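What follows is a set of notes on a single structure, which appears directly below.
Chains here go by letter, A, B, C and D, matching the order in which they are written, and residues are numbered from 1 within each.
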Amino acid sequence: MSVRTPDPDPSGDDGLPESLNGLGNESAANPAWLSEFELAQARRRLPMLYVEAVPVRTDGAGQVTDIGILLRATPLGEITRTIVSGRVRFGETVRDALFRHVENDLGPMAFPLLPASPVPFAVAEYFPIPGVSAFHDDRQHAVSLAYVVPVTGTCEPRQDALEVTWFSPEEAASDALAAEMEGGRGTLIRQALAHLGLLR
Amino acid sequence: MSVRTPDPDPSGDDGLPESLNGLGNESAANPAWLSEFELAQARRRLPMLYVEAVPVRTDGAGQVTDIGILLRATPLGEITRTIVSGRVRFGETVRDALFRHVENDLGPMAFPLLPASPVPFAVAEYFPIPGVSAFHDDRQHAVSLAYVVPVTGTCEPRQDALEVTWFSPEEAASDALAAEMEGGRGTLIRQALAHLGLLR
Amino acid sequence: MSVRTPDPDPSGDDGLPESLNGLGNESAANPAWLSEFELAQARRRLPMLYVEAVPVRTDGAGQVTDIGILLRATPLGEITRTIVSGRVRFGETVRDALFRHVENDLGPMAFPLLPASPVPFAVAEYFPIPGVSAFHDDRQHAVSLAYVVPVTGTCEPRQDALEVTWFSPEEAASDALAAEMEGGRGTLIRQALAHLGLLR
Amino acid sequence: MSVRTPDPDPSGDDGLPESLNGLGNESAANPAWLSEFELAQARRRLPMLYVEAVPVRTDGAGQVTDIGILLRATPLGEITRTIVSGRVRFGETVRDALFRHVENDLGPMAFPLLPASPVPFAVAEYFPIPGVSAFHDDRQHAVSLAYVVPVTGTCEPRQDALEVTWFSPEEAASDALAAEMEGGRGTLIRQALAHLGLLR
């Protein structure tokens, strides 16, 4: 995982903190996985499959009341905002990848309610060159399946996510928040709100 | 509510048992609502808006493991199968109607997780004449917005629903079950399973 | 049809120009339909089922390039903006209602491509009291199933729709346009754009 | 591309006939792409992103009347059935990939109407080991975004697709057809039919 470039998905590649992951030897854990070097190579040649989750809180009737945004420190010390995001591994189901990344980014006490249907509310296409789509990622061409995930417990972000901040739907749709979101994900938040019937 | 005809949605009209509802005086409770007579008239002239819910149980990762089907005794003493189903009242939101009918049909301890998005997985069109669509309802032209609703508690059906039976996705998709479902709702169960990625 | 109140769906009730419809004798054409008086009564007691269509133009790869908005003169002489909108009749399928209203509002040469799936991109709930939801309609409680409909021909609005104006996705999402839309339909346009992956 | 194993997506890798593609020199055309060897390596390490299309014919009101299934000869001379299917290239949008594979598999005169929304009706997960999901692919772990694509012209399959056969919705849902489909795609056809409201 590069420390030289802005990294929208620091834990996305393997879902493990660096400390547990050793010296980037993802392939040590499973021979089917890629080494860091191989992964870096592949990222310049193939679209990477990602899952993303917009954490939400709901009231008793299932209506979304709050949108969870992750506050994150980049390797360069910048503070940015993002959502749950990470790569799907070889041999892993989309559902398992979604569960793994939600747990990694929100902690083991978040008690997420993953969607019953595997159809995402949006497909976000991240290109290394800005402007091809609403989304960009310096590192790679990534295509993410995006889901809304209600959480019922307490979020204790792990890894480099510093905090989950809860916003009202109105705040979450604001230009101010969108400007702070990594890789154009303000657009994804608005797509989520529209899907939920909460975008005005 | 008629006792003369098969009635696919016995609690649909008002969400109250007959005994609580008195002599059809729904309008007594709220002047905006229709009397039984007026409702019967309207049913022959206007499409009625319904909501329906397929109750499901899920595992820890949100994957649906069981489909809940209501076993019901008709006024004529027949035993049939159906799902949660009922009318949207004047001034009521779709979400409130869905919550009300889920609670009425599954009891107050079902602890349903209503979907965050108001977009249904299917729109089922019930016509009084069989064959116009996959669905029919002798009483009326009804258009229902259908949702999958995970339940986390204990279902204690009220009113004339005798029991909730839980089926595996394979059983729920079977021709045998479809043949027992009221008004063609076996098709709706299969649409739900397809939406969930569980139809083979 | 009232001439006293703002009327978001002037042609919605019967799908016929006033001139053909005579003095409100809808029931003359089909005894199952309601007289104007009966319809007015029902509107105060039952949610009305509507369909709505956002007309779009697409490029050769199916990407939406333009959003069609109807410019309309109200009975009071105001100019407002709206989309294709109208009631589903008793016995009519949602698809047939959608086709009928698209043809009525865009003319016979619009050559619309109705969606293959009957699942709407949004369910819009219009209440007579403003503020219950994003949508309101002085006349009634209406629940509309909303679809995106590409048109390939020439739009020649009939009835009281004066003109179809084509906007870019950016223009269609603007606050300025939303302020001119009837009944809160600017929100529906944004939901459509989000569904299309075109909302920034 | 292997000639030793069943190949569910013969044209999927590059969208070019073998004859034009030369000796696996995909990378000659674009240095960002993978050589055949590199692609084969990556396939054992990363999930591959695919798009799939179920070709359909519709009537004037947009209702699907026929489902198109490709009859295909495998390199071993077997005749199997499949749908439009192929890989998304590095730097390519999902829409462009879908258009490219539809044109490759159905010919330049098919005049497809690609969906306005980028949200697929289903996400099909193909695993190299049968039984993990409904779908399998000996060669790789592939995740495909599946779309319904109406075609308005004449299909003249290119490459190794011998023929497009049109089936009624009932025929397309049959066990007999499902048994002939590659990689479990009979399930995907049924999901498409359910999405279209055509599965009984």
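To be clear about the criterion, a contact is a pair of C-beta atoms (placed from the backbone, for glycine too) under 8 Å apart; a residue touches a chain by one contact, two chains touch by 3 or more.
This is a predicted model, so every value here is computed, not measured.
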Along touching chains only, what is the step distance from chain B to chain D?
-> 1
At the interface of chain A with chain B, does the proportion of residue numbers present on both copies reach over half, so same, or stay under half, so different?
-> same
Centroid distance [mean C-alpha coordinates] between chain C and chain B, Å | 28
Distance in whole angstrom between the CA centres of chain A and chain C is 37
Out of chain A, which residues touch more than one other chain, so two or more?
-> 118-119, 121-123, 195, 197
Okay, in this complex, where on chain B does chain C touch?
-> 32-34, 38, 42, 44-49, 88-94, 118-123, 125, 127-128, 132-133, 141, 143, 145
Where on chain B is chain A touching in the complex?
-> 56, 58, 61-64, 95-96, 99, 112-119, 121, 148, 150, 195-197
State the interface residues of chain A toward chain C in the complex, per the touch definition above.
-> 122-123, 134, 187, 190-191, 193-195, 197, 199-200
